[in-house]
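Shared chain: chain A. Partners: chain B in the first complex, chain C in the second.
On to the complex of A and B.
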């Protein structure tokens, strides 16, 4: 079996996995069968992806189809294999998790639907990554977008869910519209819908600029780059948690894949492409994490962190593009390797965080962080896994988030040292921006972990929370292991990453040592191990002291108040208040605070909330204006069937006369 | 032989006018049925005989001449309507527009870059004229049932063009087209029933209440 055959088998298996469940009357059997087929398919797909990454070979297959869009090919190369790895790994984990989180016994009305579309979504993504023809790519893209819509609207009896799903559907189709334009332009440039070989198109033409802009719009909408992210927070928050994990971990990465793949077709890339992507990355990263700090909804908060991490990935791509413009291969290697590794890393730790958040929501029945508290006692494993994910997403060693951000940092610094001219100014701006993103992420996750898992319960539900079942914990454990594995032994990723960068840009040599020479990955291992030993030593010391000395239990000192209550703890809003105020210029928080004038004020309420500012202050006013101004046009849509047919009739006659 | 085919095509175009000018729905249905039968005979005149061709002809005559008219007559009887009482555009006016469109079809067909073998034939103008007539019926008539008749005329026009294009039509293509039509008629029949139950009339202009 070659890698390509494995991938094709995996695509077919995952696509068909949900079909038996549609017809089986025994829903539990259906769900288990679907999960088994999907996991098996994912394993086969993983084997294919890993084989490709190991060998570094590209395999191209022709498909005999009768559609009038030229020849059709699908192909597996190391660049695609990185994304296939993400698709199959996260899909398998989420499917297993779903059997505990969305069991058939509790959800007989929706379970067959959700398992069917989940398999279809996985297959569509894998097909998307292997498609080498623009039309096939768009077909897979649409299947992906629509099956995701049906997954997202699983709980469509809730108004919030319907609203989020509609917003998603509108934005995804706007993105598709842009991609239609992009692939038409690409067909014009390449002469066929077949993707041209990497680096074969000249980027210094107006047509190439058109392709770049439409690709950035279309793929940026899917990836959630600011300011095109408006669909993302509500969609991630309102989907079932394993779907949120899959969307955040994999779906938005398909936007990144499309961008990377379309950029790979060009050579002679102008400098402003790289600077544009880099600046958009910085904006998404900083604004994403700033919005995240202001959220009280656990899943919405994680969703904004997705935007932040997409920003970091875009920064890596920007560095690689700048490297290509100035002819610096080290920049290309480090930037692209960092971006691709961050794709993989973000998929693992964000899926881990969403799955853990799902377990918490399952246990407490709420997404409000301010109603949780003290969960680490009742859900120790979930809390530990969430902590692993939180440390990873903050980019702290010894976990995987650090490695990819480190590669981008090294890329930025080597660019600042090695280059002159315009690029340096932007690269020099990026390093502190990346540091700011990391710092704010730490603050945000201290808030989440501290408020949700530490302290004492703030509400009844949190007090009665229970640990998640084993099928939910096992995928989390696997993802946490991957996070730690990549974090401590990043060298094992050097070869695959270098291969992927080579297939992105053939000018870069396909050797692992080049990457390890450019970035000291070996030192990361040593430092990580030292760090773990130190932390273990300190922990052992304190545990020893706890055992040796007498321990008394009491409440935390409450500044002298005699009857401390759980409501006196720091809340999510109060913890974040300082930072939210600092960023008030972009966040526009809604604050309702009581006016306390008398010396002894009566009962009062305080509430603060950070809305989706871009949607409320930019897009909605513009759309409302368009709605008012275009009212005249709406007369065309009057409901008169005859006149609709008349439109067609008149068009036909006019065309006939015109041809005449 | 082709001169006889031309005469049949003239008949087809005359039937177009019968559909346009009649207010009685039963007459319009019969006219379309006759048009279908004439069209069913045409392949025999322009292609050499084969069993495959015979099967197609029999199929077309059965479907267009018997089955569909029978279904439509049933729908008319159920909905209890005999006449298209108040069309959007009067009968005389539609007849004049129809005549103008037929003339236009002839002028247009002259200009088409056709294969030399098809140059002098009436197929293309008859086809375009019939399609345009179908559209005219669709836009000017109010009742759902006359709309169905409009679609039938439209399809007949497309069929004439199809005769020209394919030397020997594959059975599958022809069967597919017929099946499409039949399903279309069924759907329309169901819609007619629903419209008449919902609005207690089958006036399609009432459908505006369904718009957003």
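On to the complex of A and C.
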């Protein structure tokens, strides 16, 4: 079996995995069957992706189709294989988790719908990554967008969910519109809907600029780059948790894939492309994490961190593009390898965090962090896995988040040493910006972890949480192991990453040793082991001392106050207050605080909330204005299907006449 | 080989001495005799022999906090060159690991603080989180300047090549950088004017309030870790501010130890003659430090 065959088999299996469940009366059997087929398909797909990464070969297959869009091809190359790895690994984990999180016995009305669309979504993403024809790509893109819509709207009896799903549907179609334009322009530049070979198009033409801008808009919307992220927080927060994990881990990466693939077609890339992507990345990174700090809904908070991490990935891509513009291959190698590794890393730790968050929500029945507390006592495994995810997402050593940020940092610093005024200035500003993102991420995750898992329960609900079932813990354990594995032994990723960068930019010969020479991944292993040994040594000493000397239990020091209550603990909002104040200029927090005038004020309420400012203060006013001004046009939009069909017919006739 | 042994001995033995010198300097300014120079060693050794009290609300995170924190800072101590001598471990990009190890240390200190469920410790953690975010970019601006100045991507080369000659060539940039780094040195190590390690009022503390509930050996690790952090960041600072070198290894060790002692005296003097800043002024001061080092970077890129 070649890698391509494996991938095609995986696509077919995952696409069809949910179909038996649609017809089976026994919902539990249906769910188990669907999960089994999907996991099998994912394993086959993983085998294909790993084979491709191992061999570094590109396989192209022709598809015979009768559609009038020219020849159609699908292909597997190392660049795509990185994304296939993400798709199949996370899909399998989320599917297994779903059998515990969304069991058929409790959700007979929705379970077959969720398994069917989940399989379809996985297959659509895999097809998207292998598509080598613009039209096939768009078809897969649309299947992906729609099946995600149906998954997201699973609990459509809730108004919040309907609103989030509608917002998602509208924005995703705006993105698709931009992609229609992009692929039309690409067809104009390449002469066919088939993707031209990497590096074959000249980027210094107006047509190429058009392709770049439309790709950035269309793919940026899906990836959630600021300020195109407006759909992302509510969609991630309102979907079932394993769907959120899949969306955050994989769906938004398809936007990154599209951007990376379309950029790979060009050579002679102007400097401003790289600077634009780099600056958008910085904005997404800083603003994403700043918004995250203000959140007190666990899943919304994680969603904003997706925007932050997409920003970091975009920074890596920006570094690679700048490397192309100034002719510095080290920058291309480190920037792109960092971005691709961060795609993989973010998929693992963010999926891990969402799955752990799902277990918490399952146990406590709320997404509100301020009501939680002390969960580490009742959910020790979930708490430990969440901690791994939190340390990894903050980019702290020795976990995987550090490795990809390390590659991007070394790329930035290598660029700073080079010549070339403008590029150097932007790269030099990016390193402190990335450090700021890292610092803010630490602040945000210590807030979530401390408030939700540590301390004592703040409300009755959280006090009765229970540990997640094994089938939910197993995928988390697997993902946590991957986080640690890549974090301590990053060298195993050097070959695959270099291969992927090579297929992104074949003009530069890339090998695994070239990557490890540019950024010493072996040293990261040594340092990780040093860290673990030192921690082990101190821990052994500590345990020895604890055994030798008396240990007693007490109460937390409350400065002499005799009646402390759990409500006196620091909450997520109070923890974040200083930082939210610092960033008030971009966050526009809503604060209702009581005015205390008398010496002995009565009971009062305080509330603070950071809204989706971009949506509320920028998009909605513009759209409202448009809605008012364009009221006349809306007469065309009356909801009568036969007239819509007539519109299509008339348009076709007009186009036919125009074509002659 | 000798250099590595000396390096290890210094990072193990010297840090508490800095605390002793700072305390003694402050005592002299206040007209007191003060505790002996070696008092911090006695404190740490006694704590290591004591029993522990753990609050009933805490979990394993509380116990892991001081351990991970100390291990992270000790790892960073292996990456920093001392004086004119290369660090025991050096590689391309080690400065990034260096900076992020402090992030890891902070993460676990704050996690242990929040594990107690005390509002005071939550308050301390929130302040620490905020201030350290604002301090982070300054360090990276400094690293950018040093990388550009020395043309290298490893702490050992960056700091050992930052010779006194740099001050003649790019004095303005170095002066700005020194100012920014000194502010960060004081802020990161919780010294006056940012935080007062000797304060006894929980409401005003930053670092000390986070470790209120630790006792016995764990508190000993915390004290030693804090001293080590001061030592490591101090070594970073003096190699930028006072890059005196002779090229003769034993002499360079003596120069290094001498400048570190000088630094401790300077910190003691600053603590004696300055009052604490109001809490809301601290972020402004940290942003000012960032801007100083950003200016230094602009001068370097020019």
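In this text, the second predicted complex is superposed on the first by the 623 of 660 C-alpha atoms of A that agree within 3 Å, B and C clash if a C-alpha of one lies under 4 Å from a C-alpha of the other, contacts with A are read in each partner's own complex, and residues count from 1 in each chain.
The definition used in the following text is that a residue touches a chain if its C-beta (ideal position, glycine included) is under 8 Å from a C-beta of that chain, and two chains touch if they have at least 3 such contacts.
All values derive from a computational prediction rather than experimental measurement.
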Which superposed partner A:652 touches (first chain B, second chain C, both, neither): first
Does the superposition put A:432 against chain B (first), chain C (second), both, or neither? second
If we overlay the two complexes on their shared chain A, which of chain B and chain C does A:12 touch? Say first, second, both or neither. neither
Looking at the overlay, what does A:139 touch: chain B (first), chain C (second), both, or neither? neither
Now for A:584: first (chain B), second (chain C), both, or neither, which partner does it touch? neither
Considering only touches as defined above, state whether A:36 meets chain B (first), chain C (second), both or neither. neither
Between chain B and chain C, whom does A:642 touch in the aligned arrangement: first, second, both, or neither? first
Among the partners chain B and chain C, which is in contact with a greater number of residues of chain A? C
When the two structures are overlaid on chain A, which partner does A:414 contact: first (chain B), second (chain C), both, or neither? second
Touching residues on chain C, where the partner in the complex is chain A: 48-59, 61, 63-64, 66-68, 70-72, 74-75, 78, 89, 91-94, 96-97, 99-101, 103-104, 106-107, 110-111, 113-123, 125-127, 129-130, 132-141, 143-144, 147-148, 151, 153, 202, 212-213, 216-218, 221, 283, 290, 294, 297, 301
Can you tell me which positions in chain A touch chain C when the two form their complex? 373-374, 376-377, 380, 383, 387, 391, 394-397, 402, 405-406, 409-410, 413-414, 416-417, 421, 424-425, 428, 431-436, 438-440, 442-443, 445-447, 449-451, 454-456, 518-520, 523-524, 526-527, 530-531, 534-535, 537-539, 541-542, 545-546, 549-559, 564, 566, 568-570, 574-579, 582
How about chain A: which of its residues touch chain B in the complex? 637-643, 645-646, 648-649, 652-653, 656-657, 659-660
Considering the complex alone, what residue numbers of chain B touch chain A? 88, 101, 104, 107-108, 111, 128, 132, 135-136, 138-142, 147, 204-205, 207-212
